[in-house]
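Here chain A shows up in two complexes: once beside chain B, once beside chain C.
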Partner chain A sequence: MIDPRVELLLALADDELIIGHRHSHWTGVAPHIEEDLAFSSISQDEIGHAVVWYRLAAEVAGEQGVRDLATRAPAGGDHADALGLGREPNGYRNAVLVERPNGDWGYSLARHYLYDVAEDVRLTTLAGSSWQAAADATGALRREERYHLLHARTWLDRLANGPLDARIHLADGLVAALVEAPGLFEPLPGEAELVADGVLPDDHATQQQRWLEAVTADLEAVGMDHVLGGDPHHGGGEFLATASGELVARDGARAPSGSGDGGYGGRLGRHSSDFDAVWEEMTGTYRAYPGVRW
Partner chain B sequence: MERWEVFGKRTVDDPWTSVGAVHAPDDEMALLLAKEAFFRHGEGVDFAVVRLADMHIFGRPDLLAFATDKSYKLQSGYTGMGDKRRAAATRAQEAGAVVDRPRPVDKRALNPSHRRRDGAAGSEAAGSGAAGSGAEAVEGGGG
Partner chain C sequence: MSAATSVTSDDVRAVLDTVPDPEMPPVSVAELGMVTDVRVHGDRVEVDLVPTYSGCPATAVIREETARAIKAMDGVGSVEVRFVNTVVWEPERITPPGRRKLAEFGIAPPGSGQTLLQIGRRPGLGQPGETQGVVCPLCGSRDTVADSPFGPTPCRSSSYCNACRNPFEVIKP
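Right after this comes the complex of A and B.
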C-alpha cells in the first residue's frame, strides 16, 4: 500500500503539473501578449510547485517506492522527473478539472480562478500540518499563490463587469468548471489516517466548504453568484447592459459539460480521455528517451 | 516640493527610459530643471516628467521574489549550451544524419537596427553575405 502522505503529495503535485501544462497551451495564442506572458509564467510557477511536492514525495517513498510508482523511469534518475513523467496514465492523481482543455478564455479564467482559490485553501490547511517538512514547503509556494490569486481575481472582476460578451463567456466558463471543481477535494485513499495524524489538519470536505465560502463571497461581490446553482444566465432571462447602454436579453442557458459526478475519480487514477492527450504530449520525449536530461 | 520622475529617449524610436528625478513645484519647472540636470550633453532627442504621486506603484516585493528554482528564466541557467549542441551534432553525425540543405539566413544580421554591442558578427550568419553589417553600434559618449 502506498503511504497516505505520498497520496497527499501526488494529488497536490499532479494537479499543479497538469494545470501548469494546460496553462502553457496559452503560450503564443493568448488574447494579448501581456496575458500570454502572465499565463506562461503562472504555468511555470505551478510546475515548479509540482517539483517541490514530487521531491518531498520521493523522500517519503524512497528509491524503490519511486520506481514502483514510476514504472517507465530508469533507475537512478531524477526523482521529480520520474514521478512527473515516468508514470502510466492511471498512476496520476490529478483532479479531472485540471486535465480539461483550455476551451475559451472565459473557461480558462474561470478554472484558473476556482483552482487557485482551492490551492490557497489547501496550502493554508497544510501550513498547519503536524508534518513539518510539508508545512515548511507551503511558505514559499503561498507567496507565489498570492500573485496567482491577485491575477485571477482581477480578471474575474474585469470580465464580470466588462462588456456583455465577456460576462457571458465567464458565466458559461464558471458553470462548466464548477461542475467538476468538487473533484479538487475528492477524499484521498488513506485520508482518515492523514487527518488522525494531524498531517492533514482538516479533511477535504471541510476544505471544500472553506473554498465554497471564498468563491461565493467573490462571486457575490461581482453579482454572479447565480452560477453556483448551475445556471449561467438567470434561467435564460438575464438582462445585461451592453457597453452602449442597451439592455440585451440572454437566450437559454447552455447545459454545462462534464461527467455529472462532480469531477471525481482523479485521486484514484481515473481520468477522462482529455488526460490521455495531455499525457501523450507531456511525456513524449521522456518515453522516447527515458531519463533524458536536456 | 513635489518629486518628478524624468524619462528620456535617446532616439525617437527608443522607449522611455528612467534617467532620474527632480524636485519642482509644477510641471513647467520640472521640465526646465530636468533639461539642465539630465539632457545638457546631447543625451537624447526628447524627455518627459511624471509626478511621482501619479505613478501606480506595485509595492509588493514579496510577489517578485522567486519561490522555487527559476534558473531557467535566467541567462545563467543556459551555460554550456554550445557544448550540448556540439555533442548533439556529433551524435547525430555518428547516427548517420546528413545535413543536406544550407542554414537559414540569420535575419538579425540583415536588420540594421539590430545592434551588437560586442561588435562581432553572428558566426551563424557566416556565408549569408550579410555578416558584419550590424557591427557599427557606437555607445553615446559621456560628457
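Right after this comes the complex of A and C.
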C-alpha cells in the first residue's frame, strides 16, 4: 500500500514530467523562434516542477519506498532521478492526455491550454492544504505558472480570432484534447483519506467542476464553446478521434474504466501505447547508464 | 584552523556577495536575493537559498560553488547549503547593486517598467506600433516591444529596442 500522499505527488509530478517532455519536442521545430523559446522554456519549468514534487515524494516514501517504486534505480542514487526515470512504464501515474504526441499546432495549443488551466486549479487547491510542505511548494510554482497560462490564453485568442483554417485546427484540437482531459481529474487511490485529512482540500470531482467553469468562460469569450459538446464543426457522430487517431466512444468521456476512456487509467498506471515511446526516449540514457548523473 | 578565528554571519554574507550566478556572472547569488538565511554555530555554517525559478538548471552548480566559497573561509569547519521553498523568490529581492550590474550586463532589472505592463495585459508580441515601455538597459529608451514572455533562462523574457535596434532581456516580473 503506497502512502496516498505519494500517490498525490506522483500524479502531479508525472503529469509535469511527461507534458514537459512532450512540449520539448517543439524545440527546434516550432513555427517560429519565439514559440521555440516558449515551448522550450515551459518544458524546462514543468520538468523543474516535477523535480520539486519528486523530492517531496521521496521524503515521504523514504529510501526503501523509493526503491520499491523505482525498481530500475540503483542504490544510493538521486531520489528525484530514481522516481522520474527509474520506474517501469506501469509505475507512472500521469494522465493519458499528457502522453499523447503533440500532433499539429492546434492540438498542441489546445492541450497546453486545457492542461495549464487544470494545473492552476489544482495548485490553487493545494495551496490550502493542511500539509504545510505541499502548500509551501505551491508558492513558487504558481508564480511561475502564470506565464504558461498567459501563453496558452494568448494563443487561444489568437487562433480563435484567426482565419477559418486556424479556427478549424483549434476546434479539432480542443475536441480531441477535451475527450481525454477528464483523466487529469481521475480520483487517486486513497483520495478519500487525503480529503478527510485536509491534505487535498477539495476532491478531484470538485476541481474538475472548477476547471470546466474556467474553460467554459474562456471558450465562450472566444466563441468556441460548441466544442464542449464534442462537436468541432457542429457535425455528429458516435466516435471521436484522439490526437493519435484512436477512436473513442463519445459517451466514454467520463467512464473510469481504463486507458482510452475519458483519458482515465493513468492514475492507476494504465497508459496508451503512446506512453511507450515517451518512456523509451525519456529513460534511454538512465537505462543504459543506471544512476548516471547529469 | 586557528582557534582565535571565529566566523560571523556577516563574514559569511560578505563571501556570498562574491559567489557569481553561473548564468549571469556579474551578479552574485546574494545580489540576486537568493540568500534567505545564514546561521553560524561555532565552525559550522548553514546557508538557506531560494532558487529564482524551480526549473533553473543552475541550482546544483550554485549550491556547490556556494559551499566551496564558504568552506575556504578561515574558521569554517563544515558547511550545509540547502534550497528552501518557504520563501518565494521575487525579482524585488534583487539588491540595488545587483540591479545596476544587471543593467550593465544588458538585462533590464526589476523596476524598468515590466510589472504593470507585462502582467494582466496581453503582451505586444512585437506588433508594430505597440510600445511596451520597458526601459532598454542599453540606451535607456522606452520605445521597446516585447518579443516573448520567455527567454534564455526561466527568469528572463525577450524584448527589442526600436531606438537602438538591439534585442535585450528583461527580468520577468
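Criterion: the second predicted complex is superposed on the first by the 268 of 294 C-alpha atoms of A that agree within 3 Å, B and C clash if a C-alpha of one lies under 4 Å from a C-alpha of the other, contacts with A are read in each partner's own complex, and residues count from 1 in each chain.
The criterion applied here is as follows: contacts are C-beta pairs under 8 Å (C-beta built on N, C-alpha and C of every residue); 3 or more make two chains touch, one makes a residue touch a chain.
Only a predicted model underlies this, so the values are computations on that prediction, with no experimental measurement involved.
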| item | value |
| --- | --- |
| Fit-or-clash call for chain B and chain C when the two complexes are aligned on chain A | clash |
| Touching partner for A:Y147 - first (chain B), second (chain C), both, neither | both |
| First (chain B), second (chain C), both or neither touched by A:E46 | second |
| Partner, of chain C and chain B, that touches more residues belonging to chain A | C |
| First, second, both or neither for A:E59, with chain B first and chain C second | neither |
| Which of chain B and chain C A:A137 touches, first, second, both or neither | second |
| Which superposed partner A:L37 touches (first chain B, second chain C, both, neither) | second |
| Overlap of the chain B and chain C footprints on chain A, listed as residue numbers | 44-45, 48-49, 51-52, 140-141, 143-144, 146-147, 150 |
| Residues of chain B defined as touching chain A within the complex | 60, 62-63, 65, 67-70, 72-73, 84 |
| Residues on chain C engaged by chain A in the complex (per definition of touch) | 50-51, 53-57, 85-86, 88-90, 119, 122-123, 125-126, 147-152, 154, 158, 172 |
| In the complex, chain A residues that touch chain C | 34, 37-38, 40-42, 44-49, 51-52, 136-137, 139-141, 143-144, 146-147, 150-151, 154, 157 |
| Complex contact set, residues of chain A against chain B | 44-45, 48-49, 51-52, 140-141, 143-144, 146-147, 150, 294 |
